Every structure is written in C-alpha cells, then in structure tokens.
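Before anything else, here's the structure in question.
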C-alpha cells in the first residue's frame, strides 16, 4: 500500500503540471490613508482615519480556459477587485503575476504604466456592467474595436476592418451597423460590442463584470449563450463577476464568494452552491435559490 | 529701413527687443529644453505683449527673445509679407530693436510665420518661428490636460489614430487639412501649427531650426535640424499633400507651390495664386529678367 | 475538536484523524479483507463523515454520513440501498465532491494522477477528473436551457479533444441507442418528458466512458421497457471496465446489475452488506464534539 506521504507527493506533482494563467495573492485596495486599526473592520469605514478596505487579502489562481465565478452582494468589493486587476484602480497591496508574460515572476500591480497598458491590450479584455465605461459612445462600433487594434500597433485600415467585421459576426451583430455609434444600440447589443472589443487582440483572459445585469431576460439569455460559446470556441479564460447565482451555476467551473471585501469561500461551483461552508455563502445560496 | 532717419523714441524707452533680459533668458532656456526634446511641449511664462493673445504672442516672444543686432527678420502671415498682422509685428520689432527686416527668405536669419513655411528651402542657421494657436494635438480628442500629458508620457497615441480611422470610415479619407498630427523623431506627437499638409514634408530632416510658440497656451516646442518628422498615416492610406490638378499661379505660372483659390467675380472663373507672395514675386522678377 | 479546525486541517493537506492520534491504517471495520483486495480497489472510503454546519436560523449540525468505510474493486458495480434520508445521495455527492466530506478519505485510483484523495484533492484536479474519469448521473437532468439535446451530450466530449462534428456524431449514436427519437435531437431537453430527460442525462454520463460512474436512481422515472434498455447499456459499459456506484430504489433492477450491495441505514452509519462483506461498514461511533 502506498503510504500517505507518497500519495500526497503524487497529488502535488500532478497539479504542478498545470500553470495558472493569472495568479493573485494578498491583493488589497484601501481608500484613504489607513491606520493599524483599519484591518479589523470588515467592510466598514475606519472611525479613526476614515479609510475603507474595499478588498482585502484576495488570493486566487485562474487557469487557462476556465470560467471562474465571483459572487457577492453589491458593495462586497467585486467590481473594485476587477478594476484593480484591469489596472483601472491602483491596488494598495498584493501581487499579481501572469506566468506566461515575460517569464512571469514580476508583480504586475507594480509594473510601469506602459507594461500595464500592454497587458490590458494584449492579455486581457474587460466587459463592464455599464457600457458607457467600456465603449466610446461617440466613436463607431468598428472604431471601438479599432481602438484596441491600434493600441496593439495595427496601422492598416483594411486589416482593422476585416478583423472588426470578423468580431462583429462572432458576437452576432448585424454587419451593416458596424459603423454606427454604440449609443444607438440596445443594451444587449452594447454588451455584444463590448465583448467584441474585449476580444479584439485575442487575449487569453476576459474580465466580465455583471455583463447581464439590467438586461431583459431574453436578452440576458442570449448574451450568456454568447459568453459560453466564446469560452467554448476560443478557450478564453474568464473571471465572471455576478450576483446572480443562476448565471454562475450555468457558466462557472469554480466559484469564489466575496463578502465585505474578503474572499470567504472558494470551491467547485456545485460544491459552493450545494454545500456552502461559510455562513454568508449559506445565506446567499438560501436567499437566491 | 528708415529707422535711422526717424528714430522712434521707443528705442530708448524700452529694453532692446521690448522684453526685459530676465524674460528673454527664461524663454531662451525653455527653447533650449524644447530643442533638446523634439516635439515636447515645454511650458513657459508667457508674457503680456502689446498685441492681443491669439495674434501671435507666442511667436513674437520667441522672436524677441532670440533676435540679436546682427539678425535680419522676415515676418509672414499666411504666406504674405504684407498682411496687417505681419506688418504690425515687423514694425514692433523694428521699433524696439532697430534691426533691419526683409521680405527675402534667403536673406533672413530669423523668420516669424503664421500658417505657412516658405516655399524656398531654408538653410542651416536659419530659424523659423511658428505661431501656434493650439499646441496640443490631442486636445480636440481629449479635453483633460492630465490625460493628454499621461498619453504623451506613455506614448499612447491610440486615441489620435482612432480619430484618423473614424475620419476614413466616415469620409473615405483623412480630412485633416491643417495642423496634421506628426511624430517628432519617433517619440512625441506634435501639432505642426495650422500649416497646410503641403508644408509638412519640409519639417522632415530639415537643415533649419523650427520653433513653435503658443502664447495663450504658454507652450514652446521645437523641431531641431535633421529631425525625423512623420505625419501619422495608415499603411493603406498614406499621407499625401494637397494637389490641385492642372492649376497654376495666375501671376508667376508656378505649378509646384501651394496655391490659393480665388473666385474671379468678373468672369466667374476659379483662379489660383501662390500663397507665398515673396516667392511668387521673386519668380516673376526672374522671369522678367529672362 | 471543532469543525472549523477540521476544515483548516484539510486545507493544509493533513487529515483530522492524525490530529486525533488514530492511525489511518488501524481503522477498525472495513479493514478486514482489504489487504488482498487493495490492488484491485479503485475507490476506497476511509471513515468518511459528512455533516452540515448550518448557521442560517440557529446553528445546527446535521449528519448525513458518519464514519463510513468501504472499498469498490475495479470493474465492480456497487449498489447502494437504504431508506430515504440514509445519506445515499450524500455519499455519491461526497465522492463527486459536490459535498466536501467533513472528515475521512476517499481514495480514488486515477489513470491520470495516480492515487487521489477526492476529499481534499485540488479543485482543478477534480475538474479534470470529472471531465475525463468520473461521471455522475443525477436524479434529474439539470442543463442549460436553449441548448439542443445533441449538444448537451456532445459537449461532454469537447474537453477530451473531440471536434464538434465528431462529438455530435457520437452523441447521436448514443441517443439512438437510448431510443431518443431523431426529432428531439435538436430540441432542448427541458421540454422533454421525465423519461426522455433521464435518458439524455444517462447519455451525458455514458458518452465519455468514465472509469468511475456514479448513478443516483437512474431508472426511477423510466418505464419497464426503458429500464431494460438502460440496464443493457449499464451492463455494456461495465463490460468495458467502468466501475460503478449506483443508488437504486428498485431492488429488482439493482439485483440485475449490482455485484455487491451496501445498505445504509437511517442512523447514518452503514450496516453491513449483502455480498461477501466487500463493502463492509460499522455502526458509527458518536462524533467527538
């Protein structure tokens, strides 16, 4: 009989085969100056210095091609975390690495603005809950996609338009409307354009922030189908933020639960939903199912 | 000219070249910095001038800070030496320095200009001072100075490229007629001031020094001699200068200069004329002698 | 020892029994006769306990399984019976890791990873095992609406490297064998009758030819003719070497497929087994609090 230690070693070496696409450890975001008393206050403003930790000590790995769900009530810090990962906000603490980028070990949260912009343009795409944050409303739909391609150094109008049309088809938008302004589009279409824009440079990672919130049920369903199809066909890894457990159940392989700025639970999606361990997760699951 | 006969009282009243020496020194320092970083907009303490802001105060301050007793000045406004603005500025410099001015491009050591670069190629040692209304090429796309500064710092010019792309999608070609955005030595995006596209190639690898002064916006920038200047252009939409097919100057017959379109009220015809009056006149003189 | 401590121990990769000073190899009960069968065992449970720590209204500790040990040999079909509430489904969910066992080990001999403790293996490993080695047929089909039956089945093959046309061909083959009429192939299973849904559910699990298949009342909603088809397929899969653990309400069906039967009783231990003592258990000792 193989002894315990041997089994443990076998298990460890087997997981080591797989390298995460994105590794985050100890990420924190504080608004305000901060003081030693702040950390004990979960999700509340510090009475001494007025600071607020919107995220604290967030650690997780995201693997190539998987959909990682992130649930939590509004104000739990989900969007702040995503904005930190997309360098929209400057994280206060923590390390974020992309092992496949320039050998990997560098902490990208501390990288130069140019490097961060390179990663945003080549390795990540983000879809915002509010399309006004993700799209330039006074630039044509095709132009929105072009912006990403131009940032990646494609200075050829013909090639830009070919790629934009390809993406347009991929997100099932009507081609004749490629040069229209996104402000003329419906909410569901705006999300499609955001997805097309996010995919422009074929990034291995998409950050999706409540992509279906505020859409009609039928439109919501079709956007989710699109997300699933993209994940299946392009093998893009996704960090999917939602407060809708049905969306998480449908799409995510693994799920993390955020509460008052901290990750309180992470696990396989079915396990988190059917066998929640943290009191908050139990409340969340019972509230919504 | 006739400065020596009716010597204006100003020559004794004001410091040489109107500005005090401290101001000149500051402007020269900023100019040196601008020369050192081609295309980079250097902030400077723009002074109140005896002409209104927006009428060439930036160019005038550069001219006055740089001019010496041995210089010969030429002032042009949209190619013309005789427009009111050109004449006023020329007089101001004459009256406060007593130096000679000229209309001859080749004879001038210092040329202040608005919206044109002379047709005659400039030589090493000459300085062309351009008056700039809007020094920030990104301003029309991005109103926030904080953002445009960051974009310059990070060399993130995708917004500018995007504007040009949208132009092509909407109008079939880039419609930017003047102030065409250019890259200085592969680094800073700069506005060449509202010169026509025709003049853009003259900036590239030129023998002379180009200085740009924006009085209202308080910025100085420069294209030093032998600097690469590349207008932004797509691989499949190359940069091109204006061409008027079959048109020639009605006065000198030139087909190789930047021409103005004039409607002849009498005949109802369209006529063309050199924008650079000095160059046109010179050509006519040469042809008359021949 | 509190439950929270147990959870932490597991995360650190150790096991609560070690903390209690009881060596795993000296476990009473199920160890009898295991040594000679060890080589063949593909699944071996050691003192598995599952309790739910509910905090919603007031803190409640619910036990679903207590100190359960048994082994399943390679290629064996282990049937599980017992009154409802005896923890039959919980047992399958623990093996599938939808539930995280509170204590104990679930050793599974994986083709890819060697010996793996399903009770504490990394989630990514579980995801890979679920995609390639361990199948699960739930009581009810839970699928994404709007996806055609053929794709519901075919998509299980995609992670294994099949192309979509090839996967669909195999899916149709299997659906035909399960007597799903062709006109339903492109319809969404949500609109199907209970029996049809259950057959799609079976097809989803069968198509990957898993090494270990967990069946939770797979024939409950089928008429007797259809039961016959399903049993035939189960037997065929078994012949191909798949090990199965199945819950059957219908004793007659179970007798036709099961090699051994494990009977769980309502006191949440398990009380011996029908055949040869291969799946031996014992009355549970009270859990130390």
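Which chain is which? They are A, B and C, in the order written, and residues in each are numbered from 1.
In this section, contacts are C-beta pairs under 8 Å (C-beta built on N, C-alpha and C of every residue); 3 or more make two chains touch, one makes a residue touch a chain.
Only a predicted model underlies this, so the values are computations on that prediction, with no experimental measurement involved.
Chemist: Give me the step distance from chain B to chain C, shortest route via touching chains only.
Modeler: Minimum step count, chain B to chain C: 2.
Chemist: Indicate, using Cα centroids, the chain positioned nearest the centre of all protein chains shown.
Modeler: A
Chemist: Any idea whether A-C or A-B has more C-beta pairs in contact?
Modeler: If we tally the C-beta pairs in contact for A-C and A-B, the bigger total goes to A-C.
Chemist: Just the number, please: Cα centre separation of chain B and chain C in whole Å.
Modeler: 81
Chemist: Averaging over Cα atoms per chain, report the distance between chain A and chain C in Å.
Modeler: Computed from C-alpha means, the inter-chain centre distance equals 33 Å.
Chemist: Between chain A and chain B, tell me the centre distance in angstrom, where each centre is the average of that chain's C-alpha atoms.
Modeler: 49
Chemist: Mind pulling up the chain A residues that touch chain B in the complex?
Modeler: Its residues touching chain B are 113-114, 117, 136, 139-140, 142-143, 146-147, 150-151, 155-158, 160, 179.
Chemist: Going by the contact rule set out above, which residues of chain B touch chain A in the complex?
Modeler: 150, 153-156, 158-159, 161-162, 165-166, 168-170, 233-237
Chemist: Would you tell me which residues of chain C are touching chain A in their complex?
Modeler: Against chain A, the touching part of chain C is residues 7, 13, 24-25, 35, 38, 52-56, 93, 97-100, 107, 112-117, 121-127, 144-146, 155, 158.
Chemist: Any idea which chain A residues touch chain C in the complex?
Modeler: Spelled out, the residues of chain A in touch with chain C are 1-2, 4, 6-8, 10-11, 14-15, 18, 63, 66, 221, 225, 228, 232, 250, 253-254, 266-268, 270-271, 274-275, 277, 279, 282-283, 286.
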